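Notes follow the structure.
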């Protein structure tokens, strides 16, 4: 099975195709990089992995060098990989999922429903129904944990419906508003 | 000394105060909201009483309820921690009137220093420098005259403004009139109030504060400074002591000014005088009439327990001359938040492993199973290191942050690691803008290892979304190839 | 300074050395046995290599294998930690011959001080007091003459004996002849060797050691003493610094003697001179030519990193004059053992929660999920506290031990709590016999609460034997009656 | 349901009979003490319990006073209760178990098979087959974790069979010897 990973951290982004093969007792990791000019470079490393804590903690010896990481699945089905206090975001698909995604098209687009991710109080609603908004534009401000948290549009779109007004108390999961992607 | 005290707070600071009280042989009464029944500050206390539902207004801010509990338990004193009722002069007064000791300054000192305008007046009277400027005036000529006196560049600020809005920088006199018209119009438009005031523009401002401790017998000591310029959303993220920007002469002047101000206001107990420092000059900003979150870096350098000093002084004892400070200390605040957007992150702490070893102090009240609640501050823990010098302290902090594991919520740790690795921070030459535009592209090797780790976990079937489900644990299937392979290759 | 070192050890001390090396910017190569693949000293290292199967003889004692790895990884130096190869002169020599630096004394110093008889000779030559006595002699008159010289009381000991067998106390001269006959007969009976030697009887002996650090340029400094009299089965359990039995004059004499001995033997690096102290006099016992388990209490008082000093000196630098010591430090060793029988306790660490806050240091390499292995030493962790004075240090240690949770194996924590609560320890007037006959009947209230807790857990059905099975978790069903009930009762 | 507890720590030992009753919202714990002269004393406390960590950790507020303990079931079906670093051993039976035990007699006696609780090396065997031994007498010495660990007789009895000799390596669970209780 091949795995397709997109890794992003601190503004840098890489893509790799990875697969594993046993050579005798030794597990070999193959990292395939597709360059812009169409060439393919493959690096092969012997690895000695040690999974702990129900698969959430992983120590990899890659050719003798140690990397101790922990893995946290995120809400979108992707992974946060922590290493020495740093954080990398990883999107991962295996061959089957990759094919399934191609068939579906670009992954279904943005969900029009914007919900509260935590309990809080709506401090301000900064848009009106029927208004065109741009990706990243602040739609409303939610106060939680003593902080003002702007809720932003995930994509360009049209504000179809607003369910809350300033002063409303919401709990996690409550529908705040609907923005139909353009 | 007190026999029993009530700690009118929760979480990390409640536990911090409790630890010292216990070590002094003082019994501790904890209070808690319904959200905090299983908190460590409750579980470790000698006694604990429920205040009410989770919202602070219905629990930790209910002064009269707290006083009732204090009297039922026959405590001698109430320690307010920080936040909640700690800077509430009315509560301090009520504690006094109930015949108990408030571990903090007299209510009058809280009132006078708690208000920005009145504390600025106290500072001016005490001869402590404040940021030069002029009050709002609709007449530009008045402000221009003042601007000439202060010297350019200056800032024009909307009197009704805040949060960085309606601020205009004026570099030289020629720009003044147009800038004033523009600022006044913007202020009118944004806040419906066109008044504009003037303030000296501070180049590369740093936020540096002095720790003071005063007793009721006229004694007052200072414990050097803390550098708190690493902030995001006006909240501190990384603090250090001493400040790389403060030399012995400046420190002496700042400590002297802080002492003068403290004595001028009839202060008692622990307090912090916050200053802005720019180009070798310092300006009074405000006074915090309570213990500061970042007090621990002072404790590490001076070998002092500031909470013990608070309790001693509240019991009527006198201040003690501090030991000579040693080495360098750094604190990182660990908040439950997205490290990029700084948006709060809620959830349950699924895994916790605290760092250990020499010079590492972990002050927290978190535990495996804690649900991070939306009702309170997002600070989970403070990680404090001490080392012989600044370079070693930075290295130790990075080492400790690498050892720390908190799973289940996102934390500010990656942001702190980012800062500590940055050239700006390492050089010591940074200011309050350090977090804006800090760039440190991650090494490709780290990205590759992250991808490899994710792929391996998926390959082993370990990546199950449902957090309750048990996953096959590896680690026993040993591959002794590493050594053998290398040995043979060389042999 | 070194660029990369190999740490030829495991567990807590391997991690301890690794932390300092990393903080100094030195890369770390770890080695491990098959039992330690998931250990923290492996997971936190820059590189890690397998040595072999779990038994030490097939892994951590394989000097030639360790040297092979060192050369493959191109390390500059090898740090041996303590135990395993740390006092093996042959290994130190082999490291030298491989062109690498051994972080420790020269092989010759290890040899001379490693043997009890030769080190006693070195001490005598250097004018350092040893326990007065006379070598075994079959002629009682020879020994009696010596006994008169030393002064009574004296001990007669079987030359072939050990472990306290065949020892006879002689209080006064009149008892001597009969005691000698008895001792010789007992020695003959028990060991088949009737030889008996003479040693001065030390009243209430204490075990006190001096930390030394020497460089190759003739420099030598000492870092005061450590009191190590709290022992069971000849293993230390609780250590403190300074010793309540050592006054400044005695300390100065002991430090001077330790320095003389260190210089006499051409020593380099960190070492510990162990003394017996009795009635204001001290006697050389032995020298440990390596870092000591309890080195951390010295570090806390002197603000020094002894591992960093070891590395600096091994790299050819000179010793540094220590800072003035401050406050009081205590260490508790946490072993996997039955707290009553001291029998080792094996199992898996199911839960771990380390204590936090000011003045608390937790040095360990344990983690949730660790299987405590029978192959190695039973020490799981060291808990070290520092405080302004001894009383606060004891209170802080008790507070920290109350916060610590290790579940899955039994530990020596209850035994340490027992000692720290005892009148004997608190008075400071104790000796190596402190653990024999220490009595502190538990309070009835604590027993009642333990019974109540067990009954409640059973009532809630939480007491399921199978450790894998999930049990209903409470803590949410809140009973706000406590406050209400009391309030109403008073109102 | 009533619970019968025997608690022992540092040489002190108590017995109590405990039961729980709700009074409105409040849970009341009844602790019954049977004195030597046959009298029964009952103490009643309102308790506010908080169970954590799958029942292994328990915080009790007893009339406002806090007690934070953790519970470790031991191999014999009893419990170790840890409180502030101290350790209490608790034997606990409920009414049904108490009755069952009475029917069975005094709990079945001592297991004659003595097995190694951990891997190690037999250093010395201090008894012979056919020898009478007393409770607490050292039968053999096992070296494990660098320590010499005496294995003692759990009750008076007769050494029926010895399975090991000095120098033998044993693993956890290996039969060492059989001592038939007297």
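Per-chain residue numbering starts at 1, and chain names A, B, C and D are given in the order in which the chains are listed.
Keep this in mind: a contact is a pair of C-beta atoms (placed from the backbone, for glycine too) under 8 Å apart; a residue touches a chain by one contact, two chains touch by 3 or more.
Just so it is clear, the model here is predicted, and its values are computed rather than measured.
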Exercise. What are the chains that subunit A and subunit B both touch?
Worked result: C
Problem set entry | Superposition of subunit A upon subunit D: rotation angle, C-alpha, nearest 5 degrees | 180
Seminar exercise, completed: subunit A and subunit D have mean C-alpha positions lying a whole-number Å distance apart equal to 51
For this session: Take the average of all CA coordinates in subunit B, do the same for subunit D, and state the distance between these two points in whole angstrom.
Result: 49
Problem set entry | Mean-CA-position distance for subunit D and subunit C (Å) | 31
Seminar exercise, completed: For subunit D, residue numbers touching 2 or more other chains are 50, 52-53, 61, 64
Exercise. Counting only residues that touch at least 2 other chains, which ones in subunit B make the list?
Worked result: 37-38, 44, 49, 368, 402, 475, 480, 482, 486
Seminar exercise, completed: A full list of chain pairs that touch reads A-B, A-C, B-C, B-D, C-D
For this session: Name, in rising order, each residue of subunit B that touches subunit C in their complex.
Result: 15-16, 19-20, 22-25, 34, 37-38, 44, 49-51, 68-69, 72, 296, 299, 303, 305, 323, 326-327, 353-354, 356-364, 367-368, 387-388, 392, 395-396, 399, 402-403, 475-476, 478, 480, 482-483, 486-487, 490
Problem set entry | subunit C residues within the subunit A interface of the complex | 30, 37-38, 42-49, 73, 368-369
For this session: Over in the complex, which subunit B residues touch subunit A? Could you list them?
Result: 233, 336, 339, 342-344, 346, 350-351, 374-378, 398, 401-402, 404-405, 407-408, 410, 413-414, 416-418, 439-442, 444, 446-460, 462-465, 467, 470-475, 479-482, 485-486
Problem set entry | For the subunit D and subunit B complex, residues of the former touching the latter | 50, 52-53, 59, 61, 64-66, 68
Problem set entry | Parts of subunit A lying in touch with subunit B, wherever the complex brings them together | 1, 3, 5, 7-14, 16, 18, 20, 24-27, 29, 31, 46-58, 60-64, 67, 69-73, 77, 79-88, 90, 92, 94, 117-120, 144-147, 149, 172
